[in-house]
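Some structures to go through are shown next.
Common to both upcoming complexes is chain A, partnered first by chain B, then by chain C.
Showing the complex of A and B:
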């Protein structure tokens, strides 16, 4: 398993950077900058600027999100911050507050 | 698996503090602090530059920082570790490189916990206990020995002082052949050179 997983009871205060998929079930504060997909699972809390290929949010994100490919806000997700991505998907039930920049 | 274990992948770097109540496996890199109620595994190829406070620690990779492990520390053959270790149990495989200080605290308590199993490899564990054991016994044992000496060992010496002490005190190699020949006259025949040496004392 080459992925990085932040478990549900884990709190990371700082910066996560890398070149592989990142899955967050716990809490991350600070900054996330990876070249692969970022998944914020249900119950997870992210208080950080997020940068990734495809960013999928099912939990809670507070911070600016930049996705090179796609940003997906799933149902029951909650996001506060600016979103920047060429493609953005917001599911029914998602909560979002912030600016959207799709580079148009 | 994802629920029980946190993994920092090979291509991932975390700079900052990681806290939690589950196992953490580091295959990539972590700089900062790691504070867990469970186990930390630093895999081969991984680099951790952090102060570590965990229940159990297992290192196959590189770890730089001070470690407190409430249960055990295990350094495998490929481990490269620099920093102080504090843990009741320490296991170190041949080939592991380590520099730092080790504090195993109450070793007897750790032994009781592991009783029956020979898990605590003697490599460092035994050395540590041996070093600690040495200073203690002399403090207790020395006084009785000193007290016992005069009555037992000293007594025999005084019983045969004249013959034995002079013979051994003067010149051992030359004296023995000389005395038997002059036998019969015992103490009086002691050669002048022997008397002189005794007088000096």
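Showing the complex of A and C:
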């Protein structure tokens, strides 16, 4: 159970840091910096700069996202901010506004 | 509103800032700041919380520093190490728990026993 989950009714205003996977169903404002994967589930709201290994977005993200491995914007996701990752996948139906930097 | 999805702070995670919500939260990691829940907060043995805590039910098994206010009850389990004020209508301290601070159960004393009325 080495996994952190922010439940759907939970609001965190501040900073989350750690060395284990993070799943967000609720709201996080501020900053997220983890060494493992970050998953923003449908219905979740993130207003924060996000740093993770693989970042998978199905909900809403406002902020700059840096993924060390991969950023995946799933269908119905909404992202406003700059994306930096060596691999970036944007699914059909995803909404995205921002710069993309694949470090080419 | 029953919490179907759990909220869980793992033992390698630190949250700094304000945590609020309506569902149960289990902490094996660290929280610094302010916690305000209308539900149950459980600090597991590996958990460490340095925060103003408000919850309906506070179950403390780990390290807690800061005022804890529970609207229903607070339980300090045998493994708990707590410093600060604990306020709740019902407070349990198990044998083995370490606590330093103030307990407030909001007791209504008979007029003759009220402090300052001696």
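Keep in mind that, in the parts below, the second predicted complex is superposed on the first by the 104 of 104 C-alpha atoms of A that agree within 3 Å, B and C clash if a C-alpha of one lies under 4 Å from a C-alpha of the other, contacts with A are read in each partner's own complex, and residues count from 1 in each chain.
Assume contacts are C-beta pairs under 8 Å (C-beta built on N, C-alpha and C of every residue); 3 or more make two chains touch, one makes a residue touch a chain.
Just so it is clear, the structure is predicted and the values come from calculations on it, not from any experiment.
Asks: For the combined arrangement obtained by superposing on chain A, do chain B and chain C clash, or do they fit?
Replies: clash
Asks: Have a look at where A:82 lands relative to chain B and chain C in the superposition and call it first, second, both or neither.
Replies: In the superposition, A:82 contacts neither chain B nor chain C.
Asks: After superposition on the shared chain, which partner residues are touched by A:26: those of chain B (first), chain C (second), both, or neither?
Replies: both
Asks: Figure out whether A:66 sits in contact with chain B (first) or chain C (second), or with both, or with neither.
Replies: A:66 contacts neither chain B nor chain C.
Asks: Output check: A:3 vs chain B and chain C. Expected answer is one of first, second, both, neither. What do you get?
Replies: both
Asks: Do chain B and chain C land on any of the same chain A residues, and which?
Replies: Dual-contact residues (chain A): 1-20, 22, 25-26, 30, 34.
Asks: Note which residues of chain C are touching chain A in the complex, please.
Replies: That would be residues 1, 3, 5-25, 29, 33 of chain C.
Asks: Where on chain A is chain B touching in the complex?
Replies: It comes out as residues 1-23, 25-26, 30, 34.
Asks: Can you name the residues of chain A that touch chain C in the complex?
Replies: 1-20, 22, 25-26, 30, 34
Asks: Mind listing the chain B positions that touch chain A in their complex?
Replies: 1-24, 28, 32
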